[in-house]
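Once you scroll down, you'll see the structures, which are given as structure tokens.
Two complexes, one shared chain (chain A), two partners (chain B, chain C).
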Partner chain A sequence: MWKKIGDRESGKLRPNSFITRIRSNRASSLHLSNHKELVSSHRGSVNSLQVDLTEGRYLLSGAADASLAIYDIQRATDYEAGGLIAKHKPILVDKQHQNAHKYAISTAIWYPIDTGLFVTGSYDHHIKVWDTNTTQVVMDFKMPGKVYRTAMSSLATSHMLIAAATEDVQVRLCDMASGAFAHTLSGHRDGVMAVEWSTSSEWILMTGGCDGAIRFWDIRRAGCFSVLDQSHSQLGRRPPLADKSTTKVSTSKARAPPRKVGSGSSSKHSGNSKIIKQTKGSAKQRLHPGLLTSQDRATAHYGAVLGLKATEDGMYLLSAGSDSRLRLWDIQSGCNTLVHYEIVRLQSSKAIQLDVSQDSGVVFLPCMTSIKAFDMWSGKSKMTLQGHYENVNCCCYSSHDQELYTGGNDRQILIWSPLKQIPADVDECDRSTGQPLAADEDNWSD
Partner chain B sequence: METSNNNPSTSRKRSRSEDNSAPESNQSHSLDNLIFSDTMVALQMMRAQFPRIDKVSVEPFILQSQLYSSVKDRTQVDRELESLRREKVLRVFKLNTGQDDHALMFMEDYLKQMKRAVKSMETKKQGVFEWFEVHVIHSKPEPCIGHQELLSLLSLGGKVKDEDISLLINAGLLTRQLIDSEMYWFAIPNIGSVLKGLTQGRKELLSLLNRKKYKEMMLAILEKKRLRLSPLDIRFHLRDLLGSGHLKTIQTPSGLVIRVVKN
Partner chain C sequence: MEDDGNTVAVVVGLIDKATNSTKPDLDPRLLKSIKSVVRHSDSELRFAVENLMSLMKRDHSQVRYLTLTIIHELFMRSKLFRTLVVENLDQLLTLSVGFRRNQPLPAPPAIASKLRTKAIEYLEKWNTTFGIHYRQLRLGYDYLKNTLRYQFPNLQANAARIQQERRERELRTKEILLKKYELLKSNISSIKDEVNSIVDEISECLDILISSKEENVPLDPVDEEDFEDFRNVELRTIRENSLKEADKVQENSENKVVFDALRELYKLLVTKHLVAVQESISVLIRVELSDNRLRDSMLKEFIDIRNHLKLIKKKCEEAGCVISTRENDEEEDIWEEGASESFNTSKQVTPDKPDKQNDSAGCSNSKPTNAKATNVKLKANPDMDPLKSKLMVEAPVMRWGSFLDNWGSNRGYMANQRGLEVEAHWGRVDHDAVIPANKIAELNVQATVYEEEHKEIQQCRAPLKKGGLCERRDLKVCPFHGPIVARDDEGTPLNQENQEPDTKNFSREELLNQAVKNVRERDKEVVKKREYDKKELKRAKLAKIRGHNEAVLRDAAIASTSVSSAVGDSDLGREKDSLAKMLKKKATAKDRLATRLLSRKAIARQANLEDDHLKYREAFPNQW
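For the complex of A and B:
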């Protein structure tokens, strides 16, 4: 370690590779934290966790008993066991609020710009926007079905849309600026369980439905422009350059043109759809070219899509399905990269939240009662984190501290971090000074 | 380095740490001119070790979970299967015996099985089966096909009616999908009793191990057992359950032990 610091100082080791090496070392040695604990006061299973995107300081959790909690994960509230274990109590727990949700909260996300607002979605068909400091509901959207997931784009500079995935087949976009619905995206044939904004464009939304399809939407246009098909695959991280023999069989099925389409080809496709309708024998209306992909029945999974996560560079998408598969998709080519992650079983009734570490390419996936960490490119299982007593629903990785937060049906939120060295001479110091050892004297505030 | 013998009737299940690199050399295949990858060798070995069933004549098929337990790197298996599928060397079929079961069959074996099934069906209109073989099987390597596409591919052979598709379903070559009424799965005909044996054999093997005190058994003893309910041999089931993660192997000083994975 010291040698590496010396190398960095003398210029032998580049600072970026130094940082990546340390981060990946820490990320591959996660254990149940021996120096940090969250005191969870939820009385229902923890359904959603998110660390805020601006500072990485506050953890927001939503539970099945309609309670929310915010934890300050960098400053502990008190210390136990002679200052060795930092206990973090929630800053805000909300159950008896008059505007609180009535049923389970399925998703709680921070407003991506700052921690002054957060958005929660619940099985009581409502999406509420809360003001953190006053803990008041400032906006309320009523949905036609149970809300499974909400998402806001962290890249957005020109819109403040909340994408809502509900048990209804349409994905709705709620506008925070105006308090009304912006528009709806139709195309799925069953409820939508997972929704995720693209990490490379503020206009692109990815949704995964209970019908097993993953659709890509450009919200400025009608209809989705791409449906991921698990039989379209590429053998490797990126498709080979020279080999243009695509596996996309051009069929008489009407398919929306991939990506940006010129007006010429869209008229050709609408011509195709007319022909299809006539051979079917029933006189149907001509479909809008944007809705052509509602004919596309390609599935990404043999069951429902339970969770989606895009990598930070915007090039790959991970999707977890109830057929107990985790698939890695190349977003630009729309192909399955065929990386096989060794999973035996995934819970199939609830949406799960998976996470990817930023640099080291580690995927954290809740598998029943444990969390498995996989190497993203080879699919090998690096670690299995066993600690929860019941099924794990959500996990959130903070790349700032290399810590993993997981919440499960056992109402606990566990912290997994690289082990901290406990000084051997701790007992003598404690008795002599009588003060908590690890108390941080810089931890003061007006 | 390789200590297994080439004789199929006595070759034991390989331990998982060894790489399988001994091809079955006493078979005359038309596949000898293909490049041997690890997956290909495993496929051929398992095809040769497919148990002979007396009452039903079924061409050898391999389950995908068996491949996962024989070759270490699963991503490599998936990618090699994909390239073999694209080259039309083998076909992938989705089975209905539980979640995510896929059967792999070499193209010639499948065509033989298909011809056998078609011959046993006494119908007048045999033309539709030829069109199916020529136009659909050879051009569509995926395990499923949509209704419109099926009609358009079959009509390359001649005039197609809906009754022809019913003929194909009756012969066992196509199955409707439960989730989606417009899509069909390709299926292996006349395989029903073997699949029933597969599910029952799995249950029997798992219950055999679950009844033990520590839910484990030595591999040497387990291999000699015979399953009552399944016509497939125990090695077939062992490979399948190891690949799907229900069982695991543990190296002990007295040999390999098979244990049930608890979760």
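For the complex of A and C:
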């Protein structure tokens, strides 16, 4: 650490790489934080966690008892044990609200532009948009079935659509501007468990269904334009660095079969234009013009797709399935990169929320009662974070603080943070009681 | 390397040895050696943690329990141990508390429950001591407490609560004392007045008595003459006492009124004022005040008053009240069976009672069950009127009971003036309702408790073959020797004449037949028993072989799974055997029945029956 700082001082190290190194270092040394804890106000399992995208300060959590809470993760509300333990109490708890959800909240996400709004989806078939400051419901969408997951595009400049994955086979896009469904995307053969917007294009939506298919949609047109196929693989992966990506793309292009849709295109928009070009030849009405029937049957997992996560650069997609597999997909070629992640077992009944560190190095995945951290490119298990006493449902990595927040069925929200470099100089005396704290020292009587 | 390996073997071996016991507690010597070995080397500590965690996974609650005790001992001492254990706390809790449904605690169940309670207790202790340093501890504690709702012993909170309660109680007593003190402060003058008045009265009484005594003085010199004759010390003391008695003013008809008054005053003094003063002194001593001057002065005054009162009391006793009490004592000595005190006092206060009451007194006099006491009483009162003494002689001896309270009284009782709340009841209330005397008499019938007559059960005393007499005590019939009759020392029945006709009722042949039959039956039984014994023996042998096989198999299984089977030596094996025995369920009657009923043969028979039934149903479908 000090060597790196010295390098940076002498100018050997670029600022960006310095930052990324420190960050990845910290991200790979996560421990259960003893100095910071969230006082969970939930009486049911925590299903969804998200740190807001603008400030990185407010953590939104939704739980199975239809309660939701917002925590300020930067400033503690009170301290315990002489300032040793910072407690974060929820600044907003919503229970027994007259417009609140009736059943478990399955998803709670922030409005990506600011923290004035957030969206919750629940098993009571409703998606609600809340005003944070007044804690009032400002909009209510009635869905045809249980809502499993909602998503909003963080890049969107021209639309305000909430993509909703529900029990229903159709994915609906709820327009916050008009309060109506803007679009209904049909193609899945079973309920949809996971939904994720592309991080490179505001028009591309990715959904994963209980039928094991991951479908890519261009929301400007009808039908999906790509279905990921697990048997359609690409040996070798493109390296994460941007400068090398072009060569890798070319290799993948060479290896890819000629009829594949999105392959070989250097950017999304050009790919789309290619798709549009190909529409002429297609006869099927329901399918996207560029999509073949055989491709439409393709599956990404043997079983339901439980979670989806696109990397920050928009080039890769991670999917977790109830077949206890985590797969890394190259978005552009639509190929399975065949990275083997060392997973023992995933819980298969509920949608899970996985997360990726900012520089796409570490994948955090809830595996039963623990959270596993994988190296994304090799699939090696880096850490196993054990702290929850029941199944973990969701995890959320805050790249700002390099902290991981996890929520589980044991109603706790745990904070995993890198070890403190310098121990805070707190006096070993409890201010409230004035009694000296029991020192954590060896105590041999004989 | 060599050295390292050796020491590791030592730690692991020690732990294995300590946990391989069926005793409820760890061997303290082993524990001490484990601690001392682990203390000096971190690598050994790591090995110990590993070994302990693997031992916790054993399928035996006893092993887990002992392991948990070792873990606790090391946890409270070593920081490194804590950090290592805390990482796997959920696993440790799963194995020790058994909160996961798919991983219950292993057999034997009694020790498993002990293990659970201990684990919970330890977790609480760890949490209170080291909770702030380890988030995992807090989490585990919180999970077990708030999510799974385990009952923690809550030692700390309990202690705090008890402390709090004590403090509150003290505060309350202090308040009460303060209140009393205030009351005393306001009442002190009146108390003083009362005391002074009674003291004055008593001194007046005494003065009167003393003045009357001076008239009696001339009697004294008469006694003086004989003084020299008494050489014996005892006799002399007796004499001195009697002289002193004589010194005292004797109660007679003249000064009787004065004595009565004095007695009453004395009683008042002792029972009321002295007690009150004593109490107020104790209040003054105990009360805590910011300003102590007033209290000190009051205390001084009260002590003075008390001393004064004591002086007066002494004087009174000297003067004669002591006589009255002595009289009381004597009477009580005689009336052993607790003559009611109210009766005594009434007798003293009013010596000339109405006849009726005298009667009742007579009756209660005869209360003592032992005749001796009544005799003494009679002797003691020779001057009783002859009628009464005559009656006393033939009066029945009664047990004391509440019916004696109004013996012979002819009074009616007010029904509604017994402290009952009658206003709130419905209906009219007659405040003047009277229960007539005869009804009262009916209500007060003497109640007696049935007491069984104590009767010694006779011994059978029939002669035995091996010599001696049968010592069985049966009420009527001895199961071995027939009806119990009186027998002499040899055991032969005394009244043969009575007995014989009974035996003669049977004819001789009948008797013979009976004897033959008896012998045959006995033979049959013996044969049966022998067969049964043989079977039993065979079965026992089989069971033994089977048990041995099982034990060997289990040993092999345990040895193959355990990390440290290499260390186990011969005596370890024996220990294992006993551990395995703990696991084995004791076969109850139910189990034996189950094996019989669920055996293949029985099931087959049942199935056959079922088949028959089915066939029947098919053949005759119209019948059911």
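Everything below uses one rule, namely that the second predicted complex is superposed on the first by the 360 of 446 C-alpha atoms of A that agree within 3 Å, B and C clash if a C-alpha of one lies under 4 Å from a C-alpha of the other, contacts with A are read in each partner's own complex, and residues count from 1 in each chain.
Rule of thumb we're sticking to: a contact is a pair of C-beta atoms (placed from the backbone, for glycine too) under 8 Å apart; a residue touches a chain by one contact, two chains touch by 3 or more.
Everything numeric here is computed off the predicted structure, so don't read it as measured data.
In the overlay built on the shared chain, the residue A:Val344 is in contact with chain B alone; chain C does not reach it.
By the document's definition of touching, neither partner reaches A:Thr166: not chain B, not chain C. In the superposition on chain A, A:Ser378 contacts chain B only, with no contact to chain C. Of the two partner chains placed by superposition, chain B and chain C are both touched by A:Thr369. Of the two partner chains placed by the overlay, only chain B lies in contact with A:Arg297; chain C stays clear of it.
In the superposition on chain A, A:Ser122 makes contact with neither chain B nor chain C.
Of the two partner chains, chain B is the only one that A:Ser233 touches; chain C does not reach it. In the superposition on chain A, A:Asp323 makes contact with chain B only, not with chain C.
In the three-chain superposition model, chain A touches both chain B and chain C at residues 369.
Those residues of chain A that touch chain B in the shared complex are 211-212, 231, 233, 235-236, 247, 249, 251-253, 276, 279, 297, 302-303, 323-325, 338-340, 342-345, 368-369, 378-379. Listing the residues of chain B that touch chain A in their complex gives 68, 73-75, 77-79, 82-83, 86, 94, 99-100, 140, 142-144, 146, 148-149, 152, 179-180, 182-183, 244-246, 261, 263. Interface residues of chain A facing chain C in the complex, by the touch rule stated above, are 32-34, 37, 80-81, 84-85, 369, 386-389, 410-412, 414, 437-438, 440-446.
Residues of chain C touching chain A in their complex: 32, 35-36, 39, 76-80, 82, 87-88, 90, 129-130, 132-136, 138-140, 142-143, 147.
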